[in-house]
């Protein structure tokens, strides 16, 4: 299948533009805050503009093909190339990363968390943007790895410097956890390369491009494949995060500044799931078949477990953080079915979770800013003191618990459908029963989701305002302000639109997903 | 020719030297033990040199090597003694056990 | 017995060495006639000479790949040669030396110590390294080794009124000499086996077969130890922390980068030229050494409070990562990859580590302390330095897109190319260690970014020009090598190493 | 296929749009957006009337099986699974559309007066409009996904409406309870849909029904489970035993909400689903097939009929009485479907909507006008019949219908169900049916007595003695009149006694099963005969008599031995207590299940997270460290630093262990150096030679 090669510069531009902005900002004196913010937001907007152009010029009739495809030598001796391109699977995430960055920056305009220093803060966000966008367009393992790691340090500093009370511990945990994952992941990458190279008919043509692995990965001997997959699994699972590698997430989310949480939830977590869809599954199909049941089980454990964790929380933000574990559980469940339905659901779930949980974290941040606490006990009666904020919160809660007609639903429901009838290969291996049990348990997860989200909503938004909140002065408890509107409105609209017209995303991702799921249709392989 | 005897001698000297380095607390004695090792090396080299001069057409690398070693050893000892003097000046002792300010 | 026939000398090939040698004499002489306040000129001079020596290296490189024996003639040919491998490393040593000169400028000037001599020693040590790169013979290797070591001993003890510095020097000296004595013993055995000191001859002879197998093994082991000491591989690393801590910081930088690199050059020459058939001896030996070096270096580093000492241990563990591919040199088809890995690693590591030391020197000029805690809140008053330090540390930790990642990547690729149990096992050990290592690099970052300023003094740091230059050189190369490793990835092809088995 | 049939999608779309308008601009409108809501409902009513008309025409034109009128657009597609959105109009859908639109319109009209001046007037209308939109969406859903969409939207709105006055904790609790209970059922819906997809490889309702009826599926067993799963959803939504407990609490919302919720929308959704997918249930659960022992649907329905009716006796809150009566009526519908009386059951939905809505609105009218917004029959009501003639008349008509007195609507629907039970030889359910009828009459008599007869009490007293007090205003009474009269006459659409079978002919094609013959066949509705209805009617009369006597004795003037009997007699007190506590089901759910999950279990899980999981990583790390440390860390601080501290501490531990090596003594270093060399050399020599 020939990739489409027009406008080759477009993706590189969109990815590296933020770095240009960083360079500019380096020369802006620290004192000149407004200029700094302007440059940063300007860069982000420009990047987004490029992204929009990318979306407009994208050929939606061939969304299964890589487009804007470029390939150049990068590190000849190890056969790593600078190969980039987007298809229907990566385009939404690519754009999402840009949108989120812009919104977060707008939000940050008057919400720079202590200890201030907007210059560094904005620079970090721009660097993050490059890393995120790059990960989604990379079509070469080494390139992917570099971008994948590029987001690590900025996020570490974002949490560690601008985070909450317990920030140093949280950031360190986040960092080392991820390092651990990616170290093994790197080893797995190289091992995969070496193995495929040795199998190949002409080893000289071996290289690190995805294309190579798509063609040669399936021939890897099953046992070897299973081991290599293990490495990939750990690397990605830590990022997702899947139970039991999730323990960094609640801390990181809770301690991170609002912007950090939003980016973390909206994009960073997706790097892991995207890795599964793009790399682990198609490169090592027969290992994927072996691993799928395990992944599914862990995913479902994650769903239930995350939900239970939520019910036990007394801190609003931490609760939202835990809910991510549950939601990503649904995504992974969808992926583990190895069916077109499931993987599409997973991709939709990624975007939806990005929008919804991102919003929830925004709200949590604004609430914290007004009430100076996120203790659920002290937050009652939000609806009374700031009705708009309260209802937006309610709306997001509903979206998050998977109400049909809102984005969240299309991540969960098809995942369940697919889990009930997983791919033929899995059925052939006699895992159907397992998956059906898991489906039922996962469905229970939806109930629990309704449980913790609405309970949270009831406890925080409904009822009469608690003394603690009301007596420390209504003056600074103002309703949604303009910056917040500006940064939230797009998300809210997107949640509704995607909820009503899921076609928008599904038509985009489906052709690409078909290619993946076809691997698992031909039985006997 | 009796190569083994030479090697044996070399080995013995080597061991004595090593023992000295490990056991002696006095910097100068340690230096001397190291000299012993170097000499054991020289004996080896020369012995082998002769051996190969007999059976192979290899040049007399051994003796050349030995010469280099002697020369370098001289330089080393020079530096070594200088240092011993240095620490003696600063601490009025050349016992190595006292050289343990930095550890861990 | 033998008629003496003088060898033919290829002056172009010898040019770098000659320039340096000349430089040594010039600096020595000039120093005599300089008034104290002008002494700094010696520093400038030696810097110039180092760069000057770089010129012929470049011309040689441009001129082409043909291997040229600097000295040729009966029984001399091939013992001291110039090939691409040699050129790359000569360049590395010269540049590293230059950066060290930049770093030294003030440190030495302030100490009120003899600058002239200092630079002379520095130059001669560099000369020794440059020679090491070209040696293809036990004798010349030995001479090169001593040539680079002896001045280093003295530099370590440079602050003659500082007890720590003396201690550092003496320890380094005694152990160094002891190690080289052991090495010599091994060399003598090898010579006995091979009947020639030419590495390639040794390579042919050392087959671990026949009745002298035991002797061969002993020889190989002892010789390796000599260099293992230089690269401070566990358990021959004991001198390193003490020496690094005691020695003047620029010297520490020099030791931890240049002389370590020289040691690795020696190991490479031995493994690839002298022991190609002795795999069963050096592989387990180096394997164990690599594993120990990485692990123990990291673990102890975690404990350190003093940043220089921490970097000392970190450099120990980094050494482990370089040993890793070396151990796999002739396993599977890792030959090419492992030579590459070592050379590339040396280059990137040099840039990064020197950079880190540059920052330390710059900062300690203000804080007057080597404690890690003294970096607290650096970000608030020296953001530039903080960012640079972050870059260097992250690079040491191997985080893309900074140079270090590619170095580590190369190492992993080499051992995985080797495949098989040896390769995979060490790869896993390496991966785990890579993570542990991050732990202590990150603690420094945390100090700089997230901790308060210990003494609340947030007056900005004045970084002197020469150090700025060093910082720029290191920072830029760290970044560039990280983003475009292709620039250096070509070097260290197996064909570059003359006389190695195809 | 007519314009209305084609554009049926407009019916839900209009209120949907109206919702958006109200939310966005409602506050700025003269009447707070209520006019938009009412207008949209009127529009919907007109449209659905048109639709119904055209459907009837369609049926009358053709003589054989009438295919449903479909108009669909692709919603999204994944691989070869296409999911459409649009409208699927057949008899059932047409009836429901008409019903929902009609009731909603009246309720909105009523509400404009009833909730006037409420603190969240606009919110109320927004929610109630969306609510109707949701129900309409579901009713004409061509496939399961759209059905689920409508289904869940209703759930959401019920949450908003029941919790309309969320300032009081009780209300928000009730709202949560409603949402959660329904949600538990929805689990079944989700899984059930997944099963249907697995069986039929499609989600189009029409296709599913055909395939099921024709037996074109390979896994009968799975179909059975699918039916069960879906039925669980119906239990939750339609408040069947044992998930009925949320319905009475749902009274926390404003009365119009209750009436809407309990008459035509929300609660009948479950029944509707069974009727809609009748072949799936019928085939999956082997209903009406010879030798069938256990008929799940009928059993659940039957139980519900009785227990709910029982509960209705002990309520003092008039709305609660009605609520339980709703539950038990829903039980009738379920039972009807279970015993194969599809038409009767659907018809009962139809009639029940009118009289139940009417009853609720009457109750609202009473409390709004007479009893100062109290709903307590014993405290604040009584003797209102004179002062509130209209309300009273409507109430009586509706009650008559509910009790199924001859020739009013209830008679034609409910008794049909009972008949069919007998006819399809389900003896037990026949008994259940007539006993239920007896109880219904009894508690309705009680409620009526307490409300309109006897002497006025509390709030009502003031009202009664107030000279110029009048019955409620027209916005309230008009709906009452309309509904009351419909309660009387609506039954004649399907009056077997007169051989009138219009309703049947219009809807029977929606059964999706061949009538009468074949293995997967629905039984024919029975012929009408006075004999079979006689016992039922007798019991109704008896119920009326007994109850009346009791009420006079207990609540009426004059002292009687019966007064306070439940306090004195142990057995009765026990029974009374048991009923008052709703068979302790709520206790079970709230105390055991909810608290269980919310507190111990989740706590445990969280504890595990903090201590075991983090701890394991940590313990791995702790390495050589003293166990005392471990214990301390485990118990004391929950937040054990996982991988980080772990490796950190091992490292420090190990590092510390290694430091002695670094003694600083040159000789030791030398010894180490040579020792290593010697050992290495020795080992390798031994290995290699």
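Note that the chains take the letters A, B, C and D in the order they are written out, and that residue 1 is the start of every chain.
Everything below uses one rule, namely that contacts are C-beta pairs under 8 Å (C-beta built on N, C-alpha and C of every residue); 3 or more make two chains touch, one makes a residue touch a chain.
Source: prediction; values computed, not measured.
Chemist: Comparing the two chain pairs, does C-D have more C-beta contacts than B-D, or is it the other way round?
Modeler: C-D
Chemist: Using CA atom means as chain centres, which chain is nearest the centre of all the protein shown?
Modeler: The most central chain, going by mean C-alpha position, is A.
Chemist: Could you state the distance in Å from the CA-based centre of subunit B to that of subunit D?
Modeler: Each chain's C-alpha centroid was found; their separation is 96 Å.
Chemist: Using mean C-alpha positions as chain centres, tell me how far subunit C is from subunit D in Å, no decimals.
Modeler: Inter-chain centre distance comes to 77 Å.
Chemist: What whole-Å value do you get for the distance between subunit A and subunit D if each is reduced to the mean of its CA atoms?
Modeler: Centre-to-centre distance between subunit A and subunit D: 36 Å.
Chemist: Between subunit B and subunit C, what distance separates the C-alpha centroids? Give it in angstrom.
Modeler: Result: the chain centres lie 25 Å from each other.
Chemist: Can you tell me which residues of subunit D touch two or more of the remaining chains?
Modeler: Only 644, 647, 659, 662, 664, 666, 670, 674 qualify.
Chemist: Residues touching two or more other chains, restricted to subunit C: which are they?
Modeler: 170-171, 174, 178, 182, 241-242, 303, 435, 439
Chemist: Among the residues of subunit B, which ones contact at least 2 other chains?
Modeler: 18, 21, 30, 96, 99-104
Chemist: For each chain, which other chains does it touch, given as pairs?
Modeler: Result of the pairwise touch check is A-C, A-D, B-C, B-D, C-D.
Chemist: Using the touch definition from the top, list the residues of subunit C that touch subunit D in their complex.
Modeler: On the subunit C side, the touching residues are 170-171, 174-175, 178-179, 182, 208, 213-214, 217-218, 221-222, 225, 229, 235-236, 238-239, 241-242, 280-281, 284-285, 288, 296, 298-303, 435-436, 439.
Chemist: Subunit D touches which residues of subunit B in the complex?
Modeler: Contact set of subunit B toward subunit D: 18, 21-25, 30, 96-97, 99-104.
Chemist: Using the touch definition up top, name the residues of subunit C that touch subunit B in the complex.
Modeler: Those residues of subunit C that touch subunit B are 1-2, 75, 138-139, 142-143, 146, 150, 153-154, 157, 160-161, 163-164, 166-171, 173-174, 177-178, 181-182, 184-185, 187-189, 191-192, 195-198, 201, 241-242, 245-246, 303.
Chemist: Taking the complex as given, what residues does subunit C use to touch subunit A?
Modeler: Contact set of subunit C toward subunit A: 340, 379, 383, 390, 394, 397, 399-401, 405-406, 409-410, 412-413, 416-417, 419, 424, 427-428, 431-432, 434-435, 438-439, 442, 445-446, 449-450, 484-486, 489-490.
Chemist: Quick one: which bits of subunit D touch subunit B in the complex? Just the residue numbers, please.
Modeler: Of all residues in subunit D, those touching subunit B are 659, 662-667, 670-671, 674.
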